[in-house]
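What follows is a set of structures to go through.
You will see two complexes here that share subunit A, one where it goes with subunit B and one where it goes with subunit C.
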Partner chain A sequence: MNWRSIGAIISKDFTLFFRNRFFVVITVLALVMFAVIYFVMPSSVDETLEIGLYAPVVPPAMELIQGAEEGLEIVEVESEEALKKGVTEGAYVAGMVFPPDIMEKLALNQPPEITVYFASDMPDEIREVVSAIIAEMAYLETGQTLNIALHPKLLGRDMAGSQIPQRDRVRSLFAVFVLMTETFGLAGLISEEVERRTAWALLVTPMTVKDLFTAKAVLGTILAFSQALLLLVVVGGMNAQPLIIAIALLLGAVLVTGVAFLMASLGKDFLSVTAWGVPALVVLSIPAVAIMIPGPVSDWIKAIPSYYLTDTIYQVSNFGAGWSDVWRNLLILAGFNAVIISAGIAVLRRKFQ
Partner chain B sequence: MNLRHTGILLRKEFFQGPKNFFFVFVFVVPIVISLVVTLVFGTLFADQATLGIVDEGDSQLVPMIEAHTSVASKEYGTASELKEAVAEGAVDAGLILPDDFDSSILQGDKVELPIYVWGQSLAKDRTILVVTVTNLVRELSGQEAPVKIKTVPLGDRESIPWEDRLLPFIVLMTVTVAGVALPGTSLLHEKEKKTVDALVVTPATIGEVFLAKGLLGVIIGVLMGVVILALNQAFGSQPGLLVLLLFLGSIMAAGIGLLVGSIAKDLTSFFATMKILGILLYAPVVIYMFPELPQWIGKVFPTYYIVEPIVEVSQRGGAWPEIAINVFVLIGLNIILIALVAFTITRKRQYAV
Partner chain C sequence: MTDYSIVAEGLTYWYGDLVAVDHISFHVAEGEILGFLGPNGAGKTTTWRMLTGQLKPKAGRATVLGRDIAEDSQKVQGEIGVCFEYTNLYEQMSASENLRLFARLFGIRGFDDDALLRRVGLEGWGKHRVEEFSKGMKQRLMVARSLVNRPKILFLDEPTAGLDPVSAESIRTVILEERERGASIFLTTHDMMEADKLSDRVAFINQGKIVALDTPHNLKQTYGKRALKAEVAAGGGLEYLEIPLDAADTPDAVHDLFSQKKVITIHSEEATLEDIFIKITGRGLEE
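Moving on, here comes the complex of A and B:
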């Protein structure tokens, strides 16, 4: 291994990268856009159904329901007009108006008429829920009991009241995007060397194929790692366990470098490299999207290497996971890296030979 | 401008195109993304609380829950499957109904029912599920709500489900991928291979070369737009108007593709430009996805005048009078864009001379 040659190639590629001012500006702008999107997104999760209530007399059952349900907030207002204004402006999902004689009517088993105001764009499910809450209040108030007791049993960590905002969920997605975008740059540099046949020119110097690959791998890793690291620093993704996140990003950068090698070997020019790169970007982004919107994550997602990167960033930055929680992820990611880098080098070496 | 020359060049584009991986890509990617977005994201982004059920008997509660719009339900075969789904967040909560559930309720026996709750489910979703299930069990037991509820909608805004919010993104992506990428990359490919220089020494002019490439983008853009609208069953009652809008949208996309393609010096610069330009192109659909954002912001971006009329016709049942102003703005923008492309062609011709 000739480190002097490797250093010279890295230095040359860096110069080429930064000489193209336009490319540099665009790269910086893309990072800025990700950061702007992050800061524009809501920083908290609205977990409660806020329902406005105008009632000269509030039935005790209503307070009972509100006390029992942490996701429900009944806000009393002073007039029907204020209630309508609140509903129209989106302060409440609905507004209930109880008649002054509600208690008398319920006591006499005469159904009182309750008016419920909704914003016209409120989904049907919210309308049904509010109707169900009112009905439940009336059942309780008239003493109609139900011989059913629902016993909640929590599965997993209880996040009620401390939900993760969407913007924090997407941090790992952003990191994967930034890392993956860099594969286009590296694959493009390699394909350019192939297209212009400068790779063969380099190989007639004392430089070996191994030196050339090492130089490209180091360059790709540095470019991808530094950008993803910078983005996560800006959006607060490094606040918890920065060492673990940095190692995960470094492994992610090596992963995308391996993918870039594979892309460069598949495509014959920059255009086809890009064409191959988009499906790769889509596939590697799937775990990040699945983590962002939890639920239907199937086991097959774990066959995608980026799962171990996104899961690590997600667990560490959002749930404060430590080494004991994520070491398996890092180990598996390192294993994937070894396989993908080896495969990438093998196919690219064949192309050069 | 010789139409015969343009026709020959266009035929060449269609004949040579399928040999280019990117050409195939333009056909495949929008369809794949449309299917993925509709099937996966349409469900993932749904705001409804979800309830998993294991019915050990044949409870009438299950069809009642299925018919209720306030919750989405999913049946599981076994208790362990249900618990696993809840633990992973596939559903917000899970109920196991014993085989004698209905008879117990009808006989007024006390029923203790565990409800498994996903730790990350929102507090309001937990409330919705508990209130809905309790209400439906009351219905099942024959109780009648001692209250009349009158609902009054306020305002004239519509509720837009996520599947519908995502449609403009899919349509715009289809039109822009074909319209921008095909003419742009084709032009750059010719520039890089120096074949464009060979072409302009034939009777064909550079204007005809540009026109043929632009027509390629427009034709494929309209074709793919029609396919995507058909796949999403979004033709509404004005298919002719939609095709006109796709045509005008494709002209804008092809104009952008030709403009960037003629300015960029290579494919790297082209894709780097599109990386940042893409944010501007897709900004109106992002704003449309989130109705809580001020919708006037979208009007700043040129693609708004493609997206808004398409949404008006395909989702709101609009006709020509509702979209006329936006269509005229779109035509105006297209004229400016065509003038810019023509100016670029003139400059290129001067350089050639």
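Moving on, here comes the complex of A and C:
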């Protein structure tokens, strides 16, 4: 490995990157835009209650409650399974299941069995409110204190007391976007090197193809990593476990560098590189979007390498997850990196022959 | 014993079924300019790419500066200079930045980019971005770039193609200076005038094979037509006469020309390298 040549190419590419107005504009714009969006988004959570209800027999008091309680919405569903799904996916903050014999038991002054499902990130206060609503329903129905037994069940991680504002959920998405933005710059530089045939001038010096790829990989990783790091520092994503976040971003930067190699090998010029980059950006963003939606993530999303980056950032910056929680993510991400970088180099090498 | 900078032995390359270079052998001595002439697609550039380490020969071998180019290309590339036919400079960088980049790649300390720019007539243009340059200026900068490491061999691919006379002459001067310095020069071109002016020897390549290799003078002697061509006044117009120089009656014919006709112009008719190439291959260099 000829580090003198590698250093010369990195230095040259930095110069060219910052002399390209388009690259500079999209880089600065992405950083500023994501930071602004983050700070514009509400830092607290909308507490309107949307409660799902599965009740084979609907008590007459239900309509009274709907009208009486501001900010309360009770949505009837067709089955208990549909109710659980809605709660899991965050459609309802809680779900109530009334037994078919509720009216008979209330009439006999026996406690009916009412199951209440809560979303995993439901704070205690909301649980208490839901319990109070159920008590009020009973009061309206019977004119006396409710004599029922409640069985609260949690689905997923217990988020009591640690409700996450939407803007903190999107931090992972912003990180992926910023990382991906740099792939356009790197892929553009590589394709330009081929298109203008400057690569051949480099390769008749003591520099080898391996040196050239190493220089590009280092440059891409530095550009992507430094900007994603800067963004996360600004939006408070580095407050917890900064070392883990930094390592995750570094691995993410290597990942997008591999993607940039693939893009550069597919495109003939900057425009076609951009055209290939957009689908790549969409695919890599899917896990981050999925994480924004409360509830467990579908298994197929875990086949997308960026899942392990976004999940790590999400878990660490929002829940204070540590090494023991995310080491598996980082390892899998490193594995994906090895595969994608190797594939990128293999296909890109053909362009340099 | 002559020291050779380049020795090619049975050098061969093919793309699929097409044999681009077919078992060619030649050598270039130290301080010699070898003009490598042929029409497009004859195998010039493929040969040039093999000798500069960009392609590995499929058969045969080439030794450049005593090293097998296929095995030791990196070391060889540290001691050669390569100037491409097409412009491949970093256009958003200045002329000096382009040169300094390559000086770093060659590991040269204390590199004087101004001196090199001066040599190719680009004094004062060092800080200007290459995108502001004319084609001739870019080509001169390309030549300057190939000289960054004071190469022992200079590989030039069509260095003056499409240039204005001033730029072309400037490049020719540099080529001759480099030969004076002791560098060998492998000049690929299909401009026979340029090859004739610059080359110590020329090789004709056609359909992947070297069909002739000698000094321009010897080639002209061997394949050229020796004749005098005269323009004489005839009945208010002009008449053109050609007198062979090697015929038995040449002295009488020359005597008659001057005693019986009014000669307007007269000159010897030497074959050009292109005439010779056509004679040998049956096709022109521009094909």
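Note that in this section the second predicted complex is superposed on the first by the 239 of 353 C-alpha atoms of A that agree within 3 Å, B and C clash if a C-alpha of one lies under 4 Å from a C-alpha of the other, contacts with A are read in each partner's own complex, and residues count from 1 in each chain.
Just so we're on the same page, a residue touches a chain if its C-beta (ideal position, glycine included) is under 8 Å from a C-beta of that chain, and two chains touch if they have at least 3 such contacts.
Only a predicted model underlies this, so the values are computations on that prediction, with no experimental measurement involved.
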Using the superposition on chain A described above, determine whether A:204 touches subunit B (first), subunit C (second), both, or neither.
second
In the superposed arrangement, does subunit B or subunit C reach more residues of subunit A?
B
Touching partner for A:184 - first (subunit B), second (subunit C), both, neither:
first
Figure out whether A:111 sits in contact with subunit B (first) or subunit C (second), or with both, or with neither.
first
Could you tell me if A:222 is touching subunit B, subunit C, both of them or neither one (first, second, both, neither)?
neither
Just to be sure I read the superposition right, which of the two partners does A:126 touch: subunit B = first, subunit C = second, or both, or neither?
first
Where on subunit A do the contacts from subunit B and from subunit C line up?
20
Footprint of subunit A on subunit C - complex, ascending:
52-54, 74-75, 77-78, 80, 82, 84, 86, 88-93, 97, 101-102, 104-107, 145
Residue numbers of subunit A touching subunit B in their complex, please.
20, 22-23, 26-27, 29-30, 33, 45, 47-49, 69-72, 84, 87-88, 90, 106, 109, 111-129, 131-139, 142, 144, 146-161, 163-164, 181, 184, 188, 192, 267, 269-272, 274-276, 278, 293-297
State the interface residues of subunit B toward subunit A in the complex, per the touch definition above.
20-22, 25, 29, 40, 43-45, 47-49, 68-71, 83, 86-91, 93, 104-105, 108-128, 130-135, 137-138, 141, 143, 145-161, 185, 189, 266-269, 271-273, 275-276, 279, 291-292
Touching residues on subunit A, where the partner in the complex is subunit C
4-5, 7-8, 11-12, 15-16, 19-20, 196-198, 200-208
